[in-house]
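Please find one structure pasted underneath; my questions will follow.
All chains are identified by letter, namely A, B, C, D and E, in their written order; residue positions are counted from 1 within each chain.
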Amino acid sequence: MNYAFDFGWLADYWPVLLKGIGITVELTLVGGVLGVSLGIACAWARALGPAWLKPVVAAYVEMIRNTPFLIQLFFVFFGLPALGLRMGELQAANLAMVINLGAYGCEIIRAGIQATPKGQFEAGASLGMSRIQTFWYVVLIPALQRIWPALSSQIVIVMLGSAAVSQIAAEDLTFAANFIQSRTFRAFETYFAATLIYLALAIVLRQLLRGLGWTIFPKRAAR
Amino acid sequence: MSLIEITEVKKRFGDNEVLKGINIDVEPGEVIAIIGKSGSGKSTLLRCINGLETIDEGSISVAGAQLLPDELHLKALRLKVGMIFQGFNLFPHLTAGRNVMLSQMVVRKTPKAEAEAMAKKMLERVGLGHKFDAYPDQLSGGQQQRVAIARALAMQPIALLCDEITSALDPELVNEVLAVVKELASEGMTLLMVTHEMRFARDVCSRVVFMHQGRVHEIGPPGEVFANPKTAELKQFLGVVH
Amino acid sequence: MNDFTTWDILRNLLLAARWTVLLSLVSFVGGSLAGLALLFARIGKGRLGPAFAKTYIELFQGTPLLMQLFLAFFGLGLFGIDVPAWLAAGLALILWTAAFLAEIWRGCVESVAKGQWEASSSLGMGYLQQMRWVILPQALRVAVPPTVGFSVQVVKGTALTSIIGFVELSKAGTMVTNATFEPFTVYGFVALIYFCLCWPLSKSSQILERKLNVAHRNH
Amino acid sequence: AIQPAHADALATIEAGKLIRIAVPQDFPPFGSVGADMAPKGYDVDVAKLIADKLGVKLELVPVTSANRIPYLQTNKVDLVISSLGKNPEREKVIDFSVAYAPFFNGVFGPADIAVKDAKDLSGKTIGVTRGAVEDLELTKIAPADASIKRYEDNNGTISSFLSGQVDVIATGNVVAAAILARNPPKKPEIKFLIKNSPCFIGLNKNEPALLAKVDAIITEAKKGGALDAISEKWLGTKLPADL
Amino acid sequence: MSLIEITEVKKRFGDNEVLKGINIDVEPGEVIAIIGKSGSGKSTLLRCINGLETIDEGSISVAGAQLLPDELHLKALRLKVGMIFQGFNLFPHLTAGRNVMLSQMVVRKTPKAEAEAMAKKMLERVGLGHKFDAYPDQLSGGQQQRVAIARALAMQPIALLCDEITSALDPELVNEVLAVVKELASEGMTLLMVTHEMRFARDVCSRVVFMHQGRVHEIGPPGEVFANPKTAELKQFLGVVH
């Protein structure tokens, strides 16, 4: 090996890296919370919603799931201003992530809803609840519990995928890595450090989601 | 006027006519057992009365009000008629107490404290006061079914429909559920129940309805129906179930 | 500066899309084989196999594919191991795909009812026989839709190979935009081509799923 | 930090009759592609010039700002001609040749934005291509409350300007001219020039023979007018006298 | 020497001692019914005999060979002792015929033609010769259970363990499965079956084992056990099941 690793620069660029971590975390949090919410709404629409809404949501889901995130991001950031909708790179990044996770979350959550035994809907109905009430109070939580592991994985994937936002100058962790290496030309050390940080974030995020699952769902297996 | 009036009710699934003109009048306080072979339409009849299925012809009225298939009428109906299923259908993510409270709070907008008091009372009534905080999967089948009964009772229905509520239970647990039903009957609750427990039907019910191929084939007090089955079908049916 | 016609743009993107297809095929075929091996390690008895597989999966699912590609190509190069770009890209994509497929398939194997294991044990079958004749055939049926569904991620994932010099669809898009300064035309086409590649996969996955659900209801 | 893999890269190049040179393809006018997807641009022509003078075959390796240095460090290329700017940190990692290209970069903006010098950038958002020379220079001179948005490539920078995501951009005059040629609703006008800091060719450390050879070729090309021709072709003007 | 010797067998799940020292000797050709309340350890006992659970203490031997928990011994054991489950556990991806053929071909390496002949024979024996090519989901529950019996028989075991093989069936289908078991018994097959069908136990079995809280509480010929239950627990149990 003819390359001497040198992590000394890390001290100088630590603030850049920290800021990058902060933004990646923020993007993941906002994207996760709003994206899952959007996913729930879309899953409801696709599984139980009015007939006219189903194809609309289906088209949205297919569009998003079959095109790269980066291009969605470009259209939000560079394209929407043409329609008079201008936002900063962070808002654009957040919006793109919400739209993206919303589509994936929709399909995952829908599977959970469709696995709900028919008897649960009927029990809700026979107690006088409306369809929406039955969905909200009876169906949703067990459905989420059923697909929680899949949803958690998707949120981690979205966190890792958020790297693309560096392309619209949002200063996330990948931006920080690229910025540092463009100044120092120490690509290996920078990317290696970034990889480790991503790994740590992914592990922590997964644990957090597991913990969240433990707190919102009662401790039993959903059937 | 009868409490529940079922008049010439017909129900088709596609080409399959499952109910071929049903007529039953249920008086307040009556306890009616519905028996019959698998596929004879027993569940479908109960589901029609509760509005879970729409009927194709005929009419059903409960306490004088016609059953109409829009959300508002259905809701009103379901506040009058409770239903309990073979599969219990408890909400798995809620404790027993919450299961009983939920519909009161959501449908009737009962304040929480009141709903909780009612839930306590109803769980006591089915002998499960101490299981208020247990989740369904921590309860035996019989206990789950009793929670389902408490849940229906908490809505203070004027009649209760029970679809084979003991047949998913182990023999030992059947009795604890039937005991609860028996008590309800003795307190004057109007009950329509599909059941395979002939002994229970004989002891507790005021009338027995034998359904066969979508029709009420025989109907009468249990003494008569069990002792003197008039049709060959009923004779055979009673033979099979021993 | 702009000597591209619209046709030039589309033509160049389509030519580059061949790489996208090729890379996807390689990662998918290779990833399936590696994923199968990993699956056996993950669900096998013993301690070492599952522990290794778990760490592997955590590692590859927990880091960005971009960084994996970078380290596979340049990182190894740093140690004097000169891997050609196609090998590094193939290897990294295969290893990454394997991690996800193994995890998807594990869920499918675990979805086979416990009674099937017991029934086959009580008929005297050994572990491998059970897997081969009873468990995998059933898991396979459940596995097809999510596996096909994941292939969409693989197709999109190949875009990241541009970091090690591949000019596939996304990269070609960037290059052409930088020559033409027509991002909307170019990225519009890029999105369209991706959609044409991915949508049939998503759709067939959904159709398969529906078929399977119908089949399941009969059980 | 780098030891040469071979005793002498130049000898290897001459023995193999092949030089591998990293060039950009997302950074016009220095490097982009033609309709046949072949690289073209200032950097590409310089690469051709060097290969010519060395009398060896040329292999062009298209790179991005993220991977150009790793290509060099892992000996996958011999030279990086990618409009590199110099700073002390970079000099610790690789060596630089003599300057091979001038730097006609300025801050551009629409007519209604009043900016005359770096101080006026205060409170403005400026778009720039990350890691390019103008990024390094702008970072030095911009006031603390100017917000610099660094995009991945020229396209990002330009798109950010055209879509109104930034007030002004820092870029080459040729790039600004290319934008103007498209006759956009927002026309970039030159506000002020950024200090002239030229571009250099990057190569691995401890390659004195190769460095000397490249320096000699560039120096000769400057004198002989070959570099002037390249500059005319891509930048629309002769080399400045002080390069 | 007995065919199956169960000596002082103990089994714990964590802290829960489920079998607390079981002793039963089964002679060749005996038909033994195991009865008892839910949770008394009936299934666990059968599973231990078949090696699906390892035992913590005591010993089990089948046809003179000790039961040891390694793959080789287990396989040998399972060739001697077949087991049938409440849930049928047919392989859903194979036809009835293939279900019966599979283990012969895979475990015994029987050539295909021979395995097929055997499968035909065994399916005939349970009255399902005509269903050779049907998939499990095309069969009724009773038919599925009979295929499961044929599958176990095709391995030519010297004894058969049956765990509540009729309790997932509708009443009408129970009889067709019990008829098959009765015939096996009459042909001299050694049978250990957990069952809730008291009438069947009385008519067919040579001995009845009543389990209670992990122990053999009473054991004897059905005439004795059913007519003169000695312990209060058995009396109560028999009362409950009527």
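Everything that follows uses one rule, which is that a residue touches a chain if its C-beta (ideal position, glycine included) is under 8 Å from a C-beta of that chain, and two chains touch if they have at least 3 such contacts.
These numbers come from a predicted model, not from an experiment.
Common neighbours of chain C and chain D, by the contact definition above: A.
Steps from chain A to chain B, minimised over paths through touching chains, total 1. Comparing the chain pairs A-D and C-E, the larger number of C-beta pairs in contact belongs to A-D.
Distance from chain C peaks, on a Cα-centroid basis, for B. For chain E, the chain with the farthest CA centroid is D.
Inter-chain spacing, taken between the CA centroids of chain C and chain E, is 46 Å.
In terms of their C-alpha centroids, the spacing between chain A and chain C amounts to 20 Å.
Note: centroid distance chain B to chain D, computed from Cα atoms, is 81 Å.
Remark: chain B and chain C have CA centroids separated by 52 Å (rounded to whole angstrom).
Shown for chain E are the residues in touch with two or more other chains, of which there are none.
Residue numbers of chain A whose C-beta contacts span two or more other chains: 2-3, 74, 78-79, 187-188. Contacts with at least two other chains are made by residues 70, 74, 78, 80, 183 of chain C. Contacting chain pairs in the structure are A-B, A-C, A-D, B-E, C-D, C-E. Considering their complex, residues 38, 170-172, 175, 196, 199, 240-241 of chain B touch chain E. The residues of chain C lying in touch with chain D in their complex are 1-5, 8, 12, 15, 70, 74, 77-78, 80, 82, 162-165, 167, 172, 174-179, 181, 183.
Listed in rising order, the residues of chain D touching chain C in the complex are 5, 25-29, 32-35, 37, 61-64, 66-67, 70-71, 73-76, 153-155, 158-159, 178-179, 181-182.
Remark: chain C residues 113, 115-116, 118-127, 129, 133-134, 137-138, 141, 218-219 touch chain E in the complex.
Residues of chain A that touch chain B in their complex: 117, 119-120, 122-130, 133, 137-138, 141-142, 145, 217-218, 220-223.
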